[in-house]
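The same chain A turns up in both complexes below, where it pairs with chain B and then with chain C.
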Partner chain A sequence: MTFDDRQTRLQDIIDEPLNTWLDQAVADGNVPIGYTCSYVPRALLSLDGLIPVRVRAPGAAGTEIAEIYLSNVTCSYSRSLLEFAMDDRYDFLGGWVFAAGCDHIRRLLDNLDYLISPDFSHMIDAPHRKGDAALDWYIKELDILLEKLADHFGIDTGEEALNAAVINQNRLHRSLKEIADLRKQKQPPISGTEFQRIMMASLTVPAGDMEKALREIKDSVARREKQTDFRARLMVVGGNIDDTDFIHTIESTGGLVVADRFCTGSLPGLVMLDESNDPLTEIAQKTLLETSCPRMMEDFQDRLGSIIDTAREYDVDGVIVEHIKFCDIWGIETGLLVDGLREAGLPALRLERDYRQTGEGQLRTRIQAFLERMNK
Partner chain B sequence: MIVAGCDVGSLTAKAVIMEEENIISQAVVLAKTRPSESAGDVMEKALKKAGLSRGDIRFAVGTGYGKDQVSFVQRVESEISCHAKGAWWNRPAVRTVIDIGGQDAKAIQLDDKGKVVRYIYNDKCASGTGRFLEVMAEAMEVDLEKMGDIGKQAKERITISNQCVIFAETEVVSLINEGKDVSAIINALHRAMAGRVVSLARSIGVETDVVMTGGVAKNSGVFDALADCLNLPVNHLDGIDPQINGAVGAALFAREYA
Partner chain C sequence: MKPSLIGDLAVYGKYSLVNWMKIIILVVRHGPFDVIRDIRRYPWILVLLQVNSLMWRFIRGRTGRYREATAVVMSDIVSSVIRMMEDVFFRGNRLVIHEDMVPPEIMRAMGLAPFMTELMGILMPMIKPHSVENYIDASENEGIPPDICSLPKSTMGLALKGHLPPALAVVTSNLPCDGGMSSYMLIEKKLKLPVFRLDIPYNFDTDRAVKYFAGELRRMIDWLEAHTPGRMDWERLREICEERNKMLEYELELWDMIRIRPAPLAGEPVWLSHMWNFNVTPGSPASTRIYKRITEMGRKNLEEGVSSIKDERYRALLWNPPMIHFIDIYNWAEKTYGISLIMDSMTFNRIPMIDTGTQDSMLEGLGRTIMAGPMARHTRGPAKNYLDDIFHIHKHFDIDMVWVAGHIGCKNTQALNGMLRELCRRESIPLLIINYDLSDPRIVSREGIIEQIDHFMENIMKAEKMAS
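For the complex of A and B:
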């Protein structure tokens, strides 16, 4: 299959909450578990026949039903998920696991429990700080999750199973990183939109299917023409971007997104776990220390520093810092980040958007002006 | 060398033809549904006024919302860059451009070389745009072009409390039915609108000299209210219709690229 054909196939996959690969996996007796936050370790949801599925609402339009329960001044991601849930679009999920990422997501789970009564739902009380006490707490929380998963789904959550999950996750991340790292090239063979498509598929399909696809992609990408028709290398920083439309809008103005530092991106998402450590401790540690989300307090300077380092590593010309309207944590973070990035000499643009793809013309105008401001 | 700039907005399309440092023709037309048609119409109008044809134009640059649908331009630039360029060419001392168009408003900060430093846009809410005035003019059955002069006759200071165009219109109708003077209502509308735009501009910082551009700059009521709210002098462009500033900027870019 050519690279472009594979892209078309992946787009079909991510255009539906229940894609054909997942459907087949369910038919084979596997259980997809939906999750909405990076503080839910995927490795734990991939034990013994479970499949972690980052829940999305592709093609979401209005949220009129969701607004009855979640109000229209909440994040449109949480509202879109509730809208889809009320429309039975997530009936294929065996359960939901949330982390207490933000109030909007916490209210989403409350409403799901109230309106849909899923067979299995759980909220991980993830700490908002790092340090030994926080890690200890987080490990205990993950232990509780494992106990509940074992109890409800009858799965093996022992150390051997966890070790295998760590190894499997590393293998998938390694394959993804090989493709992700191609964007460090001066003229990468892959656009940000194309890579985003690959990342989103990887978060919503069985790992085995994704690894097979990645092997083909790795072969075919080597034969691709380099990307040359772009004006500037860009990094996108922000929260949940789980569709290709936003990145595509940016790239349609001539910017090439080479670094995807957001919740559903590869940075710092493709964390490698130390296979020699105790698996639960390693999973907890890496998730808590490296996810780097504004929900973590007292950490802003570290986050800013790591974004600046990544921007230099990827040789970006500018950074677009985005947030979904009404997002409390990213809404505050973006203002501070933009100031910090500019002080560090990096051109930065702050963009507010909706979860759904709207206002494309307005977004393009702002991005175009940003590129022009950089003399690109 | 003759160049052109074409600014295709949502309500109007503007074209400017320049020869060296001089504007030799300009035109404004109401926008049609298709930006390509609006652009074609306004460019033809400008060419006819100058006695020129398309072939005489060495380079053309497009800007505005419809810029990507204008087939006869060789390049496009954002309206931010074009408004900045046009204003700085006209008045090099400018450091803040406040542009209020038919359906958007923006504030642009420039450095001493005319380079855009910061900008902020409102293209989501009509209440800080020319559309607000259009709706109100219709509600009060007055001529849009006369609102500035009528507002200056106000003898009473009232406040419009609603931000939303729709609800502000309802409020205006209530005020009329209460017997409030139309001039006082218009004066209040001008101040309300200016206040919102100043709020937008202040979020990126306002430095003198301040220039107001866009069609709404022709409304002396909003212009004066803007200066009052900013508590800073606000300037017109020197000898140029503020509505064509974007097209002037585009033509200046065309001169550079030619």
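For the complex of A and C:
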């Protein structure tokens, strides 16, 4: 099977909430748990037959029913998920785990509980700052989650099981990183859209299936021709992007997305855990300290600094900073980020978008203008 | 006491004169030339000077003790704003800018002068409805999305235009919403001051959360001691908390009285007195005196069987922050439909008294006042926190209808309207969700709000307007 054939297969996988691999895993007795935010540690949802599934609404058309409850001024990601849930498209999930990441997601859980009453739902109270007290709080929150998971699903959440989950996650992240790092090359063998497809599959299928797919992808990508037909190397920064269409539209103008610093991207998503530490503390520490979201109210300068460093490391020509309309935290952050990037000498474009792909023509025009502004 | 026309006129004359006297004394103390210079520096002073027009809008048509209680509340606010101006003019070396969900009691106990930034965005449109539009526009011109709540946009606009007074530091938090929390990133960048941020848990209703937040408050005290000349005086904090407890005793008595139909007091003596005294000047003896006076007036009305409004036909609950650019909506509703707006979400709370026994118990008590207080309680934690209060108030205060101030910028509460609509229908509670924007009358005007209420009263309540 060629690289392109594998990409087509992965696209099929991510086109449906219940993909064939997940369906098979459920038939084998595993329990998929939906989650929405990077402050929900995947390792904890991988224990003893659980499968973490980053919930998405692929192909979402409208959110008319969800708007009755969530209104039309909440972010379209939350609305699309509620629409899918009300349309029974998430009935296969054994439960939902949320983090109190933002107002919109918190209210999504409220409405889910009211409208569909899932058998299992839980909110992790993630602090809005770092520091010892915040870390202790978060560790306790994860401990509470583990207790609830053990009670409800009768699974083993002991230290050995946690250690195994850490090792498994590291193995998956290591494989993904090997592919992700190819994009640092001057002429990468993989486009941003192709890599995003791999990332999204890795967040929505059983880890075993994904590792097998990654081995095949690594073999085939090595034999692939390098990307040469692009005008500029770009970095995308922002919130949730779980649809490859957005990256594809950017790349259709001649840009090549080499760095993906957003919720579902590899930066800093593919964090490696120290296997010699206490597993729960290690998971809590890395999740709280390294998932750098604007909801962390003290970290703007760190976030800006790390974006600038990453942009230099990946040798990008420009940075696209995007957010989903109605997102308050990213809505305010993006303006400040763009100013900071420009002050650091990096061309930056700010884009407000809808969760589902809309206004493709306008988007393309704005990116073309951005490339031209950079003389690319 | 029977209301009389002369008595009612005298109330307005007396309190407007008192208010002007307070203003004139401040001008004399500060010096007229310095006042002119500061008006140019802080143009919002000109809006605040028009405070008597707001008092008139509140008391117009009201009579007797209800009219006087309203004037007393307004006069108290004038005194308090003047003290705040004195802090700006004379105590700049102690001034700390703080967000509206940070307890000012601690800063006062430290000998600091707290300046609540959001207060301008609240008070100015109350006095002059269009007065914060230039600040909202300034924020949007800076790239803040238009869908962000207009209150943080007003606050950011004040910072962007350089209309905030020089201060030593800024203290803020992750309350009450994402927009409010994030707005301080821009304010920090603009003011270039050291900023401290309090972290308040989502699940605040546990002992663990109370202790965590008390730890945050201790961290804030340490930080303020490191960044300002303020020093913690625990004895002073105990006095402030005890004074606050006294005020709360009076408020609880007032709430007991307004359960009775017709209510002996309603409107501003209930909601504005709470909003100001519990949020801006908690723990000051002046605030306790005001509550004592209002409660006494309510008690007398109750003893004499006097209703606050002439003909109380309906009793309503106003949920979410009130329409600040149409703040005389209470007065309008009384005169137009005989509606007493008995209770509101910014007033109702389930805050216990503060235990002043130890330093920890005071910090935990203050933490509870913030976490379980209005806004925080309703924008954090599960939807239950928001919804249960509405149904409790409906029953406890014998309410006939619920009005939700559906501020378009409050995504947090907009996302609960669907649930609320169905639950009210199930309980047969008439519900009106008013579409509007908190601070910006260009989105929905006063007339637009009235039109929505008229449709509801006519079609759902089958009400007739009162004869004018």
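One rule holds for everything that comes next: the second predicted complex is superposed on the first by the 376 of 376 C-alpha atoms of A that agree within 3 Å, B and C clash if a C-alpha of one lies under 4 Å from a C-alpha of the other, contacts with A are read in each partner's own complex, and residues count from 1 in each chain.
To be clear about the criterion, a residue touches a chain if its C-beta (ideal position, glycine included) is under 8 Å from a C-beta of that chain, and two chains touch if they have at least 3 such contacts.
Just so you know, these numbers come straight off a predicted model, no measurement behind them.
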| item | value |
| --- | --- |
| Partner chain in contact with A:368 - chain B first, chain C second, else both or neither | first |
| Chain B versus chain C as contact partner of A:359, first or second or both or neither | first |
| Partner chain(s) touched by A:326 [first = chain B, second = chain C, both, neither] | second |
| Touching partner for A:206 - first (chain B), second (chain C), both, neither | neither |
| Partner chain in contact with A:107 - chain B first, chain C second, else both or neither | second |
| Superposition-derived comparison: chain B or chain C, residues of chain A touched | C |
| Complex interface listing, chain A residues touching chain C | 68-71, 73-74, 78, 100, 102-104, 106-108, 110-111, 113-114, 123, 125, 127-129, 133-134, 137, 140, 294-295, 297-298, 300, 325-326, 328-329, 331-336, 338, 350, 352 |
| Residue ranges of chain B in contact with chain A within the complex | 65, 77-81, 115-117, 119, 121, 123-124 |
| Of chain C, residues touching chain A in the complex | 142-145, 147-149, 174, 177-179, 181-186, 188-189, 197, 199, 201-203, 208, 212, 215-216, 219, 379, 382-383, 408-409, 411-412, 414-419 |
| Partner chain B, residues of chain A touching it in the complex | 359, 361-362, 365-366, 368-369, 372-373 |
